[in-house]
Each structure stands twice: as C-alpha cells, then as structure tokens.
Amino acid sequence: MNTFGRNFRCTTFGESHGKAVGVVIDGCPPGIALTEDDIQPYLDRRRPGKSPLESARQEPDRVEILSGTFEVRTTGAPIALVVRNRDVRSEDYDALRDVFRPGHADYTYQAKYGLRDHRGGGRSSGRETLARVAAGAVAVRCLAPYGVAVSGRVVAVHGATEPEAMEAEIRAARDAGDSVGGIVEVTATGCPAGLGDPVFGKLDAAIAGAMMGIGAVKGVEIGEGFGAARMLGSEMNDPIGKAGFASNHAGGILGGISTGQDIVVRIAVKPTPSIRRVQRTVDLAGEEREISVAGRHDPCIAPRIVPVAECMLALVLVDAMLEQAKYRGAPI
Amino acid sequence: MNTFGRNFRCTTFGESHGKAVGVVIDGCPPGIALTEDDIQPYLDRRRPGKSPLESARQEPDRVEILSGTFEVRTTGAPIALVVRNRDVRSEDYDALRDVFRPGHADYTYQAKYGLRDHRGGGRSSGRETLARVAAGAVAVRCLAPYGVAVSGRVVAVHGATEPEAMEAEIRAARDAGDSVGGIVEVTATGCPAGLGDPVFGKLDAAIAGAMMGIGAVKGVEIGEGFGAARMLGSEMNDPIGKAGFASNHAGGILGGISTGQDIVVRIAVKPTPSIRRVQRTVDLAGEEREISVAGRHDPCIAPRIVPVAECMLALVLVDAMLEQAKYRGAPI
Amino acid sequence: MNTFGRNFRCTTFGESHGKAVGVVIDGCPPGIALTEDDIQPYLDRRRPGKSPLESARQEPDRVEILSGTFEVRTTGAPIALVVRNRDVRSEDYDALRDVFRPGHADYTYQAKYGLRDHRGGGRSSGRETLARVAAGAVAVRCLAPYGVAVSGRVVAVHGATEPEAMEAEIRAARDAGDSVGGIVEVTATGCPAGLGDPVFGKLDAAIAGAMMGIGAVKGVEIGEGFGAARMLGSEMNDPIGKAGFASNHAGGILGGISTGQDIVVRIAVKPTPSIRRVQRTVDLAGEEREISVAGRHDPCIAPRIVPVAECMLALVLVDAMLEQAKYRGAPI
Amino acid sequence: MNTFGRNFRCTTFGESHGKAVGVVIDGCPPGIALTEDDIQPYLDRRRPGKSPLESARQEPDRVEILSGTFEVRTTGAPIALVVRNRDVRSEDYDALRDVFRPGHADYTYQAKYGLRDHRGGGRSSGRETLARVAAGAVAVRCLAPYGVAVSGRVVAVHGATEPEAMEAEIRAARDAGDSVGGIVEVTATGCPAGLGDPVFGKLDAAIAGAMMGIGAVKGVEIGEGFGAARMLGSEMNDPIGKAGFASNHAGGILGGISTGQDIVVRIAVKPTPSIRRVQRTVDLAGEEREISVAGRHDPCIAPRIVPVAECMLALVLVDAMLEQAKYRGAPI
C-alpha cells in the first residue's frame, strides 16, 4: 500500500538506488499556484550531506513536475513529481547482498516478498521519504491560504534536551561508531475546529498512523500523551471559557476531532540501525555472521525526520480539510 | 469514516442511547464456524457494571447475528451483528443537552456537525467500542487456527504498577469524584513474519492508527517505544542468530513488517473526562457554566479498554494476513 | 465487497431467507430530516406480490432506522436500516440444495466460496436489492433540495414497447412457465454540470458499474448508447448555443462529467432465470439432473428493477455531489 | 480519481501536451519477470500514426521503468512507468483555447474545475490511455502463467461488420471531414470460475465500469447483452451438463462471478468528436461560434480502442484474481 490519504491521495514510488523516487498526488484542488520552486526548499531541508553529523550522500534532489499544472496552476489532474537518483554507490552494498542488517527491514522484506533489492535498503530506505516531503510541500501550499501551518523540532536526543547537549550526544555516538535515538515534536497552528472523522477516521488516529509509518519511529503521543496516564481527570481536562479553552492538555484534539487549538504531536525515533560497531546476524543461508555497516549513515536520524514529520502532518490535515469540505463547505 | 480495515472491513453503527449498536463485517473468509456463543464472551468482558470500580450501567449486551452465516458457518457474505440498547437513562443527560463537558467530544462534534446527539455522548460514547469488540471476536476466531492470539492487561494506573496499588489509585480517584489515567499493554503471539504492507500500510502504522482511534487513548508505542529515544543503536538493534532474534526491542516489527516475534504495544489512556468534581465550561450560547458530571462513569477506563485494544489488534492482524495471502498464499 | 460509494458509502447485508436484510450508510451529511416514512414508500414500490405478474412472496418489508438520526434529523453518524424477513418458505428450496439452477449464481457461488446458502439464493437473491432501495431513498432525500430527481420506467419487454403489448408478453411467458427480458430506462433531471471524477471515477463509469451490478442486468448504455456506433460525428455531437446544448445525444455526460442536461441510462434485463420449464443441469456431485424451478418468481423482473435502478442512480449522484463539494463547495 | 483497482492499483498521470504520461502500479506481486520489452509492444499497438486512417501524431512512446524491479523481476514495490511526450504541437490548439469543442470534455472540465489545459484535451485526451495500456501490459504478464489471455477486435463500424466494409466506412467519413462510431468486442479466455466479488464488486460491474470509463464509450454489454432483453428464459439460460455449460449466453459471468467460460464483452464507441465539418458551439464568454477542428484525429477511434479495452479487461481480471487469492489461495 503505497498510497496515503483518502482525498489528497499520494502514491509514492522509487528505491534508494533505483532510477528515481517520486510521487503522484491525486485529489489536489485546482487553481493553486505551484512550481518546482515551491517544492524544492522542502527537499533541500530533508537532503543529506548538509552537516558533518549527517549522511555524506550527495544528492542534488532536484524535483521535476511532470503533470497536473497548467500555466503554473494546478488543474485538478494528478500531479506527478519525480527526483532522479544521482549519487548511487550500490557497490557499497555488495557485501550486504545476502546479509540481514540488525534493526533494518532486510529480514522482514525477505520474509514478505521472497526477494529484495538490497542496494541501500531499496524501497525501505529513508530515501523514500523524499517523495513524502515533495507531496507534503504541496499540502503546505494548500493549507497556507487558511492560515494553517506546521513546524517541528528535535526536543530530545538520548535523554538530552538542550541543543548543545543534543549535538554532543550525536557527536559522541558517531565517534563511537554507534547511533542515538531522539524525540521530535511537530505542531500545527491555525487549524479550524471540526477536522477528523469519527470513528475510524479520527484525526489523532490518522496522525498516529502517519507518524508511526515513518521509518525508525517507535512511538507517537498527542498532547500530554503518556503523561496522561499519570494524571487525574481534574488535571487533564481542559476547562472551557468564553475565550476558548484555558489549556491544551488534549493537544488540540477531542473525540478524534480538532478543537481549534494547536495540534501537538511527539514521536519517538529509534537510533539509526546502521552502525559501524560489530553486530551479530545471519545471512540468507541462515549462517551466523558478524557485520559492521559501513556506508554513509546519520548517527541520529531525528533531525532529518523533522521535515518528514511536518509533511506527514500537513498531508493528514489537508486530507481532513477536504473530507470536512464535503459536508460543511470548509474552506478548501 | 465508520469502516475499519481494507480486507476484513468492519463498519460500526449506533449511539449510546439509540436503539442499537452493531457492526457489519465484510470480507470474512467463508467456512469459519461462528455462532453468537463465540462472540458473547468478549462482550461480557467489555460490559460495564461488573465491579464497583466500573460504570453501573446494566446492559445484558446480547449479540444477534443477523446475516452472513449458514448452518453455523460463515459464507463469505457480510456478517451483521447487532446489540440492542436496554438500560438507557437519557434523562440523566438532560442537563447536558446544551453544555460541553470538558475533555469530551461534545464541543468538537458540535463544531463538526452543527448538531449532536447529547444523550450519553451519542456516537462518541465508549459504548461504540462494543461493536469493535464484537467484530474483534470474529477476528480472533479467524486467527486461532494459525496459532495467532492476542492478550492484554493494565500495566500502570496513575503511576502505580502493582495490581493492589493500581486498584487503590482507582478507588481513591472515585472517592474524590475524580478519575485517573493508565497504561494498557497488548501482545500478539504466534504471528508469522511478513505481515504489514510498506510504505503506508505498515503493520506498526496500522496498529498505531487502530489504537489511537480508541477513545481516551493519547499515546501508542511499540517495543521499546519512547524508551528507544534514550538508547544507542548497539542497544536497540536486536541481534539475529541461528535460533532467530536474540531480543525483541523492536516489539516484533521491523520496517513495518512483522518479524515473527511477539508484537508488543502499549497505549496511554487518559483519565475518564466525566468527573463529579466541578469544572468550568461553556454552553451552546457561549455562556460560562460550572458542571459536575453525574451519571454512571468508570473512574479509570483503562481496564475496560483492555478487551477493546485486544480486539483492535486482532482486527489489524487478520486484515494484514488477508492482504499477505493475496501475494504469498498465506494461511487464511 | 458489499460497500457501494466513496463518500456516501452503503454497506448492505442479509440473505433472502436469513433473519434480516439491511444497510449501513456512512457519510450521509448531517441535518437532513429523515424518518422511516421517508424510506418506506420506496420499499413498497420494490415489494413483490403487488400484482399477478409478480412473485407472490408476501413481505411487509417494514424498515427500522437503528441509528444515525436524532430528533428526526441525520447527525453525520452512520445510518443503519434493517428490514426483518417474514414470509420465508425455505422448504420450497430444499429440492435445490444440491442442484445448480441454470442462469443463477448457484454454480458460481459454490465455485467461489466452497459453500453456499441455497435458500432463496441466499446473498445472491434479488431480495438484497431491498437494502439498496432503502439506501437510495435516503440518497433521494439528500438530492431533493438541489432539484435533482430520478425516475425510471420499462421501455421494452421481449421486443414490445407499448404498455399493453409489454404486459401481454409477460403474461404469455408466465403462462408458458417461461420468463422474458426487457429494457429499463432511468433518467436524472436537475443535475448540475461538473459531476464525475476523471479518469477512473467518471460519472458514466460509475453509473455503468452501478447498473451492471444489479442482478439480471447484461447491458448498460448512456445517451445514444449502442446507437452511437452507427452514427457520424456530425450527427452525434451535441451543438452548443447561448441557450445551452441543442440536443442530448451524449445522455448528459461528456468526458465522464455531467453537462447539466438530463442523464439518460438504459439497461438490458435478462429473463428471470427461475422458470417452470424443464432445464438440464448438474448437482453438487456432478450428476446430470433435470430441473423445474417452482416457488414464487417474477416472469419478468424488469418492472421490479425500475426502483432499484433509480436508487442506484441516486446513490451515484449523491456520491458525485459530495466528491465535487470537496473541491468546489458544491451544494451538499 | 486517477486510481484503478483495489488490489492491482494503477494510478495514471499526465496530459496530452504535458511533459509525460505515466502510471504507478501498486500491488503487483513480487517475482514476475518484467522489462521495458514486455510493455513496449502494447504501446506500439496503441500508438497513432501507423496507418493513413489514424491520427498522424508521431510519438515514439518509449516506456521507461523507473522503479519496482530488481534484476529484471518485480519486487512487490510500486512500478512506475513513464513515457515522455515528444510530438507536441500545442500551437495547433491555440484557436481552441477559449472554445468548447462539441462532443468533447472541454465544457465539462471547465464547469468542474474552473480552468483547464486546453492543449490537445489535456488530461481528457485519449493519450491518457497510453498509461492504461502500459499498466495493462504488466497485468497481461501477471495473468499469462495461469493461462488467462485477452483479445479484442472491431466488430462493427457505422453498421458495417465486414473488414473491407468497415474500412470503407472509415475512409468515407474521413474524406467527408466527418467521423464514425463502431463496436469493439473483447474476450478473456482461460479465466477460472470464482472471480468477482458480490454484491458491489461483481466482475461484470467492474468490467462495465472499466469499459465505460474509456473515452468515447457509450455502451457496454456482456454475453447476449441488449439481445437478452428480447429473449425468453428458456433461451437465455445456459444448460449445464457433465462437460460443463452447453452454451455461453451469459458471457462467462453469473451472479457477478466468473463461470470459467470465456468472458465476452462488447462496447459501443461513439464517432470521434473532433471533425473538420463545421459545428456550432460557444466560447468561454458564452458567445456563439462556429468551429472546424483541425489537427490530427482518427476518423474512427474504435480500432485504437481495441488494445485499451483489452488492457482494461486484463486489469479487472488480475485485480479479481488477487482478491480471490485472499480467501481461497488462488493462483497469483
């Protein structure tokens, strides 16, 4: 299932070391101004190789709009966006052809499909998120006229919560040939009340699915999240007054529907599984092997997940706004 | 969107104080032995009024199979399950007709639909989960022949983790006219490797969406979950040996596909929003009001969410098994 | 797949000789006045036993709304409609338990599911259309405020096209223990231009699928239909003037999108396969048998298909209007 | 809605005079041998400019596989196929920028979207079928190992049914600056019994929707089709014997499920709306205009619809086989 969304439907394709990665957006409203320049900045934010703490893969990641616009406006037809892969060093992966990297999808893809493209993780590579970000950039443009915006940041790395301390943790892990996990927080501001569709299309359910579907994410929480398990009802409930809600423990969602407050989401990102430190594993023949994953990997993937998580949130929101428009004539 | 699942599609209906609650299951394989007796025990577990720590609403919750079976076997036709509501005291809710209960969906339903059935929360009531449990019971029967089973339990209440301490927390909250949150853990055993569908139908994404879509749930984590954010890659990765994985930090899912290990999920449950303690809110006219929610409410909803979470997990798994069967001839 | 529609989603259930037949409508807009009295007249039109030319099965077919309305208005929650079966004479079908009736779904259901409910055709019975008509009645109510209406009639029976001649054909077939086919025409008036969704959600494609999905239908045509195959472009094209289209050879649809003119659809209905005349067939064991289908059958099913075809057209239109509302703020 | 299919999901994109036309196939089983050489022959059959009776547009229509294969086998990942547009003469269409061509989608696209790409019909162009044919070629490969094959031919043009007479009709229309309609028949052989999914996923309903969704198609019939409306039940029913069905009036489908016989479908194709003969129309401002459509158009589009109809039938069948595999372990 490579399609996300019911109304603003994004179908992604492409492998890490294939010819290209891309997305087809079906259901984008007509009349929205859109050129490659609206999308490129998001890809640039997601791009590797921007700092010594990131993978050194050098990809220009230039997006091309193949369809769906006419005279720089969307027409309602599907929008195909393609990015050609350039800096592919598949030979880096030759040694991994028959070996399952621990913590990766190698083993499960083999179990599921009976074969796999081992080069750079193939379809399971983080490079697939490039297509999500391209689609998300279009979603962001759709949301902008209604004052809806998304933003994100890393709020913790290996327990550290201050920028300098977080950077130190990443540096230490990298130097040790290891990696570290972290927490990313994304927020949507300006959302109207009423988004989300009971009982199986709830906004929080859609967000949770979208976030957990990002590689390396192991947890999602909204508002107080796991903290709510340690609270009393009298603490958790947000009182309502003439001026609106007096607090936002709910994280902007009640009963699966947006309240009009900020939507606040946090996601737990596991340490990048590709590490230089030696690990035990098996190969295709079932023989035990030791493995040290060379190649170009981020010691902490949380920073590069920030734009991906923002984009997924934007996709969920634009989808919910279109859904709501069916019944209530919402803005889009 | 009242339908859950792509292959084993469950469409639920019904309000807390309406005539009935039910579900239509479309896509259940033919030939499975099924009578009301297979479903009733799950409804009995979910039923309120079983202990002084639960809502006192007395409902027999007798399920009736209206269609889809012939001579006690499923036929491949849709299975309609209906439970009539009995112990409806709508007059308890008369005072709430024009008031938004804090922490509830009252405000957001009004914002979304422009009108709402205020009686017992209407469609947003926890009573809707009855339909999910009925469907889940059928899913459990579908999974059983393949050795797949689900189980769940409350692992924390208001910070307490021992059974006696958890019960004391619930009792204390109830006596104070308040409520408490908790954490529920659900586990699936016996799952084959290969379930889950990249990149937007990942098994963990489906589970996260399913769990976050249960009322009162504010967080979901799989395996180490938020703990992974404080770990190193060398700690988090599960080594693989001839005998299989040496640990299960991943919680049974890698790259969105099941590994064959136990699938371990934890969910954060907020305190029941209905409390006797006085809260500030507004009414339909926007006037400020004080509210004390009488009626029959659980001081901690976590215990009653256990069967619901189990059933949602079973629904996700049966759906994934049917999906996988399309391409690899999996058991079902 | 027992669900019809993307936005106004109708999931039907129930067998001919089971406990009940029904439908759950998910996606109906909130605020629409709706009681059983709005639906019952449609079921009464579809009901058998109204004339000597119809099946003599006597069913009151009283519909009950189980959910989705509050104080006689829809709430946006799923609307469950149920009709209990009453006049079930399953013993009439005992002789057919192991025999495949020619022209029926007996053989194919057995091939597909490996078992079947033989009583009255089970799920493949025309009785299932009762649920479609109930849902269609709700669709008709949704369309009414926008001036959209559907109507239908039998335009041919066994080649005859005049009412009296058509009735004579039916009578002659009945008396001969045989049955006859016919053609039904359904028309939608008042449709706005712009309905239908290229390229795989075209309005004519949706209509064709909806109509061909009615039991006994073997052909669908729109506007000139098969007649267009014998025309020149200069004859077929509808000229456009200041006052709009000068003709309607297209049947109200161009490029899969409504033009604003009447939508005109004709469907070919095969002769009812259940006939008294002796036919050759086989039984479950593969042995050759002769069969004469007793029981209560319509010698020509076309008249009773009229309300079903109207309702399917209404369902397609309400679905398309909701789809269009997402992007252009259409009326619903 | 630019996606076709539930299991073998094809999302097409691209405009007649845009940069490219393509398709993403999601749900193709893994392990199928596939290169561009398997797809190209189908595009070559569909390609214009092969005879003086076809549009003179000269397009090499070279397909490129962007993703989804590894070492010439499908991997289960989405398969992106792209064809760049080359022979684009958009200036031919400058005169049509503000005019609605009769019989075309110009008027309805404008009504639906509020703007349109007028160049060559934009998204509504027959050129979009190139993407369907590319996807269909992959479907054909999936079906081949199971002995399922599709074929088609033109069976009538403007009433003529003999090859020479049909060609004469096309020639005469072309010389008159006019166009003619025709009938195409497509047949599937080798289908197993049991394909199709009651009650809204019936095989005939899916075929009807797929065929009516091809531009210019105004009618669809299966087996006896509209002829069934003039038959008796005793004539229409196919007797069953030890050796199987004795006839195939049903066209290979009963109750929406395949019988195992040939599936026989006929579609009515209207005359190409683009003609040199002068027609009356209006422009964007509502002013009346006369129009003569120059450019490169087929005087009869039926021959070029043959491969498109074959491919749509193949797509329906592969989708149904995957659906069936979920429940019965069918071959794919």
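Quick notes on this one:
Per-chain numbering from 1; labels A, B, C and D assigned in written order.
What we mean here is this: contacts are C-beta pairs under 8 Å (C-beta built on N, C-alpha and C of every residue); 3 or more make two chains touch, one makes a residue touch a chain.
By chain, with names taken from UniProt: A, B, C, D = Chorismate synthase.
Everything quoted here is computed from the prediction, not taken from an experiment.
Note: the chain lying farthest from subunit C is A, by mean C-alpha position. Counting C-beta pairs in contact, the pair that comes out ahead of the other among C-D and B-D is C-D. With centres set at the average Cα position, the gap from subunit A to subunit D is 37 Å. Note: centroid distance subunit C to subunit D, computed from Cα atoms, is 26 Å. Mean C-alpha position of subunit B lies 44 Å from that of subunit D.
Within subunit B, residues 1-3, 12, 27, 30, 76-77, 112-114, 123, 198, 323, 327 each touch two or more of the remaining chains. Partner subunit B is touched in their complex by these residues of subunit D: 7, 27, 29-30, 76-77, 198, 322-323, 325-327, 329, 332. Residue ranges on subunit B touching subunit C, taken from their complex, read 1-3, 9, 11-15, 18-22, 24, 26-27, 30-31, 64-68, 70, 73, 75-80, 82, 112-117, 119, 122-123. Residues 1-4, 6, 12, 100, 102-105, 107-109, 111-114, 123-124, 128, 156-159, 173, 178-183, 193-202, 204-213, 215, 217-242, 246, 250-251, 253-260, 268-275, 277, 279-282, 286-288, 302, 323-324, 327-328 of subunit B are the ones touching subunit A in the complex.
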